[in-house]
Amino acid sequence: MRKVLLGALGLLGFLVGWQLIPTLGLVDPQYLPYVTDVLGWLFHELRDLAFWRRLSYTMTAWATGLAMATFAAVVLGAGIGLVPFLRRATHTMVEFLRPVPSVALIPLAVLMFGLHLRAALVIIVYAAFWQVFVQVIYGVADVDTVARDTARSFRLTRRERLRYLVLPTALPYLLTGLRLAAAVALILAVTAEMVIGNPGLGRMIELSRSAGDAVGLYGLVAVTGLLGLLVNVVFRFVERRSLAWHQSVLAEGAAR
Amino acid sequence: MTALGAKKARLPGPVLRAVENVLFALGLPVLTVLLWGIWSAGSTNRFFVGPLTILDAFRRTWIGPAFVDDVLPSLYRLALGLVASILLGVAAGVVIGRLRLLRELLEPLLEFFRALPPPVLIPVMMLLLGITDTMRVVVIVSGAVWPILLNTIDGVRATDSVMRETADSFRITRWERLWLLVLPAASPRIMTGVRQALSVALILMVISEMFASSAGLGYRIAYFQRNYLVAEMWSGILLLGLIGVLLAVAFGLVERRVLRWYHGMKEITRA
Amino acid sequence: MPDGSPLLRVEHLRKVYASAQGEVEAIGDLSFTMAPGELMCVVGPSGCGKTTLLKCLAGLLRPTSGLVEMEGSPVTGPSPAMAVVFQEYGRSLYPWLTVQGNVELPLRHKKLSRAERRRMVADAIEAVGLAGSADSHPWQLSGGMQQRVAIARAIAYQPEVLIMDEPFAAVDAQTRADLEDLVRELHLTRGISTIFVTHDIDESVYLGQRVLVLSNSPTRVQEDLVIDLPAERDQLTTRALPRFTELRTHVYAQIQRAKRGPVTAPPVAR
């Protein structure tokens, strides 16, 4: 209760402070609009179908990219992670490709696919892929040695071992990777729209800026922040929920 | 795998193991480049040029004045932004982590700013600060500071209660407490935050230059693309990749040094 | 002690915690005194507030009411006259510092010359038998050795009173015996007054010149027992003395009584 109240108070303080800056003339409202105007803009937009359409473009790109990246990362990650030879052979390649900033690929994606969703998907998938891939590789390699020996001594089949040993071990890693990937995919979905110009919230941000519409710009930025918050909350919730039995989560819960 | 193991056992030890390690490390990358070279030689796809063409473009484009005019300023802003983010994030994180009231006041706001996709701050900063180098550094800080800040807060909060009582009972001074307890105890989390901040900062460096610049790495690469200078564009991607890899390697070295106690301790508890 | 005045005086100490289920009385009403140079063990049934008492003595917790007095002046916060050895050595030593750094930690703000500080640190490390491990990190050492580091840190601080909170509860039996002898030896050679909290009856009788038996909550002093065993003690011979058995049986009976009301005769071993 105290936490909620204080949090609300902090938020209120932030909004009041924001309102005061243009009111006191510290910054021209042309560059930092009144918070009341931005809130008014938000309420107006929420009733506008065009706004929701743009939002759905962004979220479609996000969801598609995330799904493609996750699928590829799980298949490749499990395949490579379970075979020590492949794990060793791909190590350098992974360590070299992973730190490459995905935005470096924007020009290439644009050349290949033009100013379209597909170009945006290239960079979303590239960025989100590594988050999941790395976690899956760790996850399938992390099977407890005692548990593995137990499985072997009971002569579980390969299929049973995958089902009862590898999958439960790797699942927490996968979900962590998924949460990280979801956040990264959103960042790149919006970024791609800003730079490439495929329709969505990101493009609206760029259009508002070039049109000098500060109110719309700040409003849209707030919307992307709220989207990010929503994505974080949902994926964290899923992670907690499905891992209630898992030790790392239990320990974390107890420590709090 | 067993056949391979049997063969290995017959050959003499350390030299061969070294050769094997090198083969494993370089085999796939070399193979990939070779295949790429062969494929691109016979291909008519003009967006995929061969590795030799890219290397040649790399030499022509980046080794020379462009390095001083475009690459160094970008790297300088990146470094400046990162250093500022680390100082700001750690300092604010220590304060917020230790003051419960402040933490509870700020929590929803911090969650929001953490979740905000950092590149959307570029247009905002352009509006507030104009298209300047200051803007580009501020953009990097405004995106990279959050992971460091939030991880520092968590790290400071999670400082072990017995360690704190130890400091209390021996009447450690505030200053000693900061340097000998709070910061080292939070350092694993701080380093996690810095690692995340590195990739955010690199992204923001590139985008802010693609957007609003007439110089810099990001600008160059976008320029090559717009003018269909495909080999040059690839060389730019290669350069960005190299910077990303070098940053990751440098960070890894620093991290191993700073957190030597942490890794050593983890290794022992795992064994 | 020339004038007979106590080093430490505890009077009507009471500590109540506020919790979600209402108030929890950790310590009811405790009074005792301790003379300089004494080695006093505190035993009691688990959950009787031993750790709370210790934290009040060390100035880490404020008593709800009552008085803790050190050399005539009340203890209101952590005092330079006391050093604590915690049970959780793994969490009380700082893993980022070496053994040397950990021992040096409380001396940093004392106004000492560098050479003198070095000498005190080396002396303390030597005294606990870790001379060869000064540059190791605590986590490279065994549990018993880590607790030795914590003891070295406490004696380097040169307190009037050394307070030990179940320090050997987490180490194996052999190591424990060695550590007990180390505490005896340090007490004999250095004459540091020591309060040793434990739940192990044998340990309390073997170590102490005096054993304070606490009752179950509301905690008070159940008995204040003088251990009249010879000062020269040995794990084998002392523990085999009939007097040792008598004393431990007595303390055992006291604790049983403390736990569930009066027991007329000590329990018979089967």
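Side notes on the structure shown:
The letters A, B and C name the chains in turn, as written, and every chain counts its residues from 1.
Keep in mind that, in the parts below, contacts are C-beta pairs under 8 Å (C-beta built on N, C-alpha and C of every residue); 3 or more make two chains touch, one makes a residue touch a chain.
All of these numbers come straight from a predicted model, not from anything done at the bench.
The minimal number of chain-to-chain contact steps leading from chain A to chain C is 2. Across every pairing of chains, the maximum count of C-beta contacts belongs to A-B.
Distance from chain C peaks, on a Cα-centroid basis, for A. Averaged C-alpha coordinates give centres for chain A and chain C that are 52 Å from one another. Here the CA centre of chain A is 17 Å from the CA centre of chain B.
Separation between the centroids of chain B and chain C, computed from CA atoms only, is 49 Å.
Across the complex, chain A meets chain B through its residues 2-3, 6-11, 13-14, 27, 31-32, 84-85, 88-93, 95-108, 110-112, 183, 186-187, 190-191, 194-195, 202, 205-206, 208-209, 214, 217-218, 220-221, 224-229, 231-232, 255. Interface of chain B with chain C (complex): residues 160-163, 165-166, 168-173, 176, 180-181, 184-185, 187, 261-262, 264-265, 268-269. Touching chain B in their complex are the following residues of chain C: 55, 58-60, 78-80, 82-84, 86, 88, 91-92, 94-97, 105-106, 108-109, 137, 139-140, 153, 157. On chain B, the positions that touch chain A within their shared complex are 1, 4, 24-29, 32, 47, 101, 104-109, 111-124, 126-128, 158, 199, 202-203, 206-207, 210-211, 218, 221-222, 224-225, 228, 230, 233-234, 236-237, 240-241, 244-245, 247-248.
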